[in-house]
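Here come two complexes built around chain A, the first alongside chain B, the second alongside chain C.
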Partner chain A sequence: MKRIYVDEKWCLGCHLCEYYCAFANSGKDDMAKALKNVKINPRIQIEEKDGISFAVSCRHCEEPLCVKGCITGALSVVDGVIQIDSDKCVGCYTCVLSCPYGAIMPSESDDGVVQKCELCLKNSHGKPACVEGCPNRAIIYEEKE
Partner chain B sequence: MAINFLYPEYEVIRDKDKCIGCRVCERQCANEVHSYDEDSGCMVSDNAKCVCCHRCVALCPTGALKIVKTNHTFRENANWTGEHICEIYRQAGTGGVLLSSMGNPKNYPIYWDKMLINASQVTNPSIDPLREPMETRVFLGAKPEKVEFNSKGEIKNNLTPQLKLDIPIMFSAMSYGSISYNAHESLARAAEELGTYYNTGEGGLHKDFYKYGPHTIVQVASGRFGVHKDYLNAGAAIEIKMGQGAKPGIGGHLPGIKVGDDISKTRMIPKGSDAISPAPHHDIYSIEDLRQLVYSLKEASDYKKPVIVKIAAVHNVAAIASGIARGGADIIAIDGYRGGTGAAPTTIRDNVGIPIELALASVDQRLREEGIRNRVSIVVGGSIRSSSDIVKAIALGADAVYIGTSALMALGCHLCRSCQHGKCNWGIATQREDLVRRLNPDIGYKRLVNLLTAWNHEIKEMMGGMGINSIEALRGNRLMLRGIGLTEVELNILGIKHAGQ
Partner chain C sequence: MSKYVIIGNSTGAIGCVEGIRSVDKSGEITLIASEPHHTYSRPLISYLLCGKTDEQRMKYRSDSFYKDNKVRKMLGKTVVSVDNNAKKVLLADGKEVPYEKLMIATGSVPFVPPMDGLDKVKKRFSFMTLDDAHKLEKAITPQSKVLIVGAGLIGLKCAEGINDKVKSITVVDLADRILPSILDYEGSAVVRRHIESKGVKFYLSDSVKTFEKNKAALVSGAEIDFDILVLAVGVRPCVTLISDIGGKVNRGIVTDDKCRTSLKDIYAAGDCTESHDVSSNTNKVMALLPNAYMQGETAGINMAGGNAHYDNAIPMNAIGFFGLHIITAGTYEGESYTSTADGNYKKLFYKSNRLKGYIMIGDIKRAGIYTSLIKKRTPLCSIDFELIKEKPQLMAFSRKARKEFLAK
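After this line comes the complex of A and B, so read on.
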């Protein structure tokens, strides 16, 4: 299955991935309209310290703790992609606590309680916007062993 | 400073409706132009620091930025232009020599743009390169006077070492030091994939790049940095740099601040010491001395590698080239006055040297008249901007061309001409680790390959139009060129007729 991988060697810490993520999941068709005066809450986030930076988003683990821990079955694995069914989520945040990468976070939108990277498969972008927007190919979307 | 004589040359224009305050401009500008103002919640810019490199413009996700030349003006004066006035203010303030980088930007004639290429019509049919074979491979090096046979009647191999180029384009000398590790890696990998060569410049060869040796030209310059036996034998050819188009008659100076661990090892000089290349080679004061160095290098490399001598295009270039050919060089590289540099005194860059088009035409003509054109190949550089420049250069008599500036532009260079500051926002002309990282060689080498592949296609199309299917048949074929808007003297030097003749 194709997953998102990050290479800290090429990450510039420019944070563009976060903004492309926020835009892709905003449901709007214009970035300025979507993000003007908005404090973004992206599903991919840059970790940086001492000149090293890299982007962290859902790893789509083969044995996902978040899915195992979900008390309502809102999280499920569909063709390897961990997806969330907002209608079932009751906001217990078990997944937020159990994700070892900190890649699930409370959502601020009206249509869900938690949010996570779903590889842009469900939004209008159709393919990972962070990967397309990375200026230095530090985020890649590919099949690896 | 109480009185600021200099108004910023460029202004950052930010469309407030489009700016989302992502601060990528702030994070990506090594010149610290952009900053976020907490009080107003807006991005602000300090125009005085802007060098117009477009890094922020290229990365702004909403297209909110553009850079414009200021329309702030001095009282109009055709003689005392704003540029002259500002330079005087700058020097009166510092007492220093003005430094610049990349090539001469002044408004001198560009002869490439005053030559037109021929195409066949009825009698000599044009060729479609997509349907018929078309050869752009060239071999650089001395060509034998005649075909010789042994006693059995077989052809004797009397060929001296040659460089085989799949495309008539090489990457010109840019040292590790003047450009970054990642820029070098991009050039090396592209040269390997394209079947051509890149050039170490005078900075030695980094140990990681010995594996690209078969596609490397190693340079020996006046500072002799990083020159040792393995280095000379690592490359496919050895280039002696006598001069450089951007600064003929001037040496080089890599400030100690750029001489970090890696560069110190590669250049074989102490860390933090200034790397100063003298203006002349201190052992070369005549053609005979040059000949000694040519043969020393041939001796050191077992006569297996062609030796290139690179000179800047200056007034008596034809006579110098004749001397070089007689001095035993296999290839002469000529660098025109538009050629780039990582740092040069502005006044030298902008006022010394001659156009490569004229230098090439006169060298080719002189060597032919003396009957020694076959002894050397000619490679020209110094602002080759497009495939048509290459076709014109070859028709004027070049065997191949060197590209430097256009290669860097493929890597992202926006010709802001601030290399000397070492803060290249595109990760090219810098040694600062966080900036070098911005040039990912996986992307860079591919962009170089793309550019040269595209140019090679275009060269084939133009050759096809002329009814020529081999680049060898175009070389020195000046009947394929016509001048436009040129004087009698210029046409004579270029050896071409005027359009309509």
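After this line comes the complex of A and C, so read on.
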């Protein structure tokens, strides 16, 4: 399956991936309108310290502990992609407790359902916006063995 | 003859179906359960009462689950005994169902200790099943004064579920703090203040001495008027199908890391079992949904001839009350580190170069990074422990470990 891979060697710490992610998932078609004066809560997030930086998003694990532990069945595996049904999710955060990478998180919505990277397959972008937006190819989307 | 027979229709049972089907696409599966409903998420019964879900959305798997997985279901049927010599189970209606491999995922039932005058209370409820939730919902009115005995997860989830629909809720518990199984004293006080701010009243280190029809006299001398009583004192694993035929049982059914019982071709999963907690290195009942799933799936794979082990179980819990979120995991032993920054509460427990357990209240972001340290027994000297104490982050790992996480 095609997955997102991050190489910290190339990461500039520019945070553009975060903005592209927030835009792709905003449901709006104008980037300025979508992001201006908004505190973004992207599904890919940069960690940085002492000149090191890298992006973290869902690994679409082969052993997805989030899916197995989900108390409602809101998380599922669809053709290898770990998807969330926000209609079923109740925001219990058992998946936050389970994910070893810290890659699933509460969303901004009032009911506190979780959000995670779904490879932009469900939004209008159709393919990972973070990958396209990364100016230095520190995030790639490809098939490995 | 059915190749696989599964008793139960909740998390452990569903995990077992999915485990079997990951190996064997066609072997006949028969699933038998007392509850008549489509598989549903038990923890959601409180969300149902406060309107945050409905019966359709609380289904644990889709409407076509049994069909898609070729499961013959026998719902509303109770198994009364297992004959492990003849390899068949006997139902209450007299029917017999033969098996090659058997799964016991019978869960637990409420435990009601003897209490003086309890039989005088007419409106008395437990809070474990969808039917319990419906009965309670029918009984409550905006005038109801509800008494809940038990300040554990189930009692307090019940309180949250009905708080907006009743006049008052009083909770009594023998323990000196609420949620004693998952919280330390300070953490418990934080959550208690929050729940109290929603109007729920607590009597702790106290218990009911005698019940009258609408009154409870507590040991402390306090008297509580009520018209609805919810008993959430504790649960008891359903082990009799195994203990009756000489299978090994302590508090729960004893299982190994392949989720086998001590009896040939019989497996068990979920709240009815006891398994190994790697954080404390002891065997215990870990009555939690993720654990039930993992055990069920592991058993299913093994029942179908695969080879799976579940050898990194720990107690772990994510739960929220009135918008305040709590995540806890592992065992609270060894040295501790506490942080109360920004109104949140966090405590980490560590010993012998390992993270043993943690409590997070309020800010629960990325908690799973801590959970993983406990489960994998990661040596703390191999990471930047000072950094990860501040907040869960992958930056605290070595560059090599990060490459493993993110680039592979």
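Following the convention adopted for this analysis, the second predicted complex is superposed on the first by the 141 of 145 C-alpha atoms of A that agree within 3 Å, B and C clash if a C-alpha of one lies under 4 Å from a C-alpha of the other, contacts with A are read in each partner's own complex, and residues count from 1 in each chain.
Definition applied: contacts are C-beta pairs under 8 Å (C-beta built on N, C-alpha and C of every residue); 3 or more make two chains touch, one makes a residue touch a chain.
Because the structure is predicted, anything quoted here is derived from the model rather than measured.
**Student:** With the two complexes overlaid on their shared chain, look at chain A and say whether chain B and chain C clash or fit.
**Tutor:** Verdict on chain A: chain B and chain C fit.
**Student:** Is A:Cys14 touching anything from chain B or chain C once the two structures are fitted on A? First, second, both or neither.
**Tutor:** After superposition on chain A, A:Cys14 lies in contact with chain B alone.
**Student:** With both structures superposed, pick whichever of chain B and chain C touches the larger number of chain A residues.
**Tutor:** C
**Student:** Answer with first, second, both or neither: which of chain B and chain C does A:Lys68 touch in the superposed model?
**Tutor:** second
**Student:** First (chain B), second (chain C), both or neither: which does A:Val6 touch?
**Tutor:** It touches chain C, and chain B stays clear.
**Student:** With the two complexes superposed on chain A, say which partner A:Asp87 touches: chain B (first), chain C (second), both, or neither.
**Tutor:** second
**Student:** With both complexes superposed on chain A, which partner does A:Gly102 reach: first (chain B), second (chain C), both or neither?
**Tutor:** second
**Student:** Between chain B and chain C, what minimal C-alpha to C-alpha distance in angstrom results from the superposition?
**Tutor:** 17
**Student:** Check chain A for residues that touch chain B in one structure and chain C in the other, and list them.
**Tutor:** Common interface on chain A, chain B vs chain C: nothing in common.
**Student:** Which of the residues in chain A come into contact with chain B in the complex?
**Tutor:** 9-10, 12-16, 19-20, 23, 31-32, 35-38, 51, 133, 135-138
**Student:** Considering only the defined contacts, which chain C positions touch chain A in the complex?
**Tutor:** On the chain C side, the touching residues are 15, 41, 43-44, 47, 52-53, 57-62, 289-290, 293-294, 297, 316-320, 323, 325, 327, 329, 364-369, 371-372, 387, 392-395, 399, 402-403, 405-408.
**Student:** Help me check something: in the complex, which residues belonging to chain A touch chain C?
**Tutor:** It is residues 5-8, 47-49, 52, 54, 56, 59, 65, 68-69, 71-73, 87-88, 90-102, 104-106, 111-112, 144 of chain A that touch chain C.
**Student:** Quick one: in the complex, what on chain B touches chain A?
**Tutor:** 17-24, 27-28, 58-59, 61-62, 64, 433-434, 437-438, 440, 442-443
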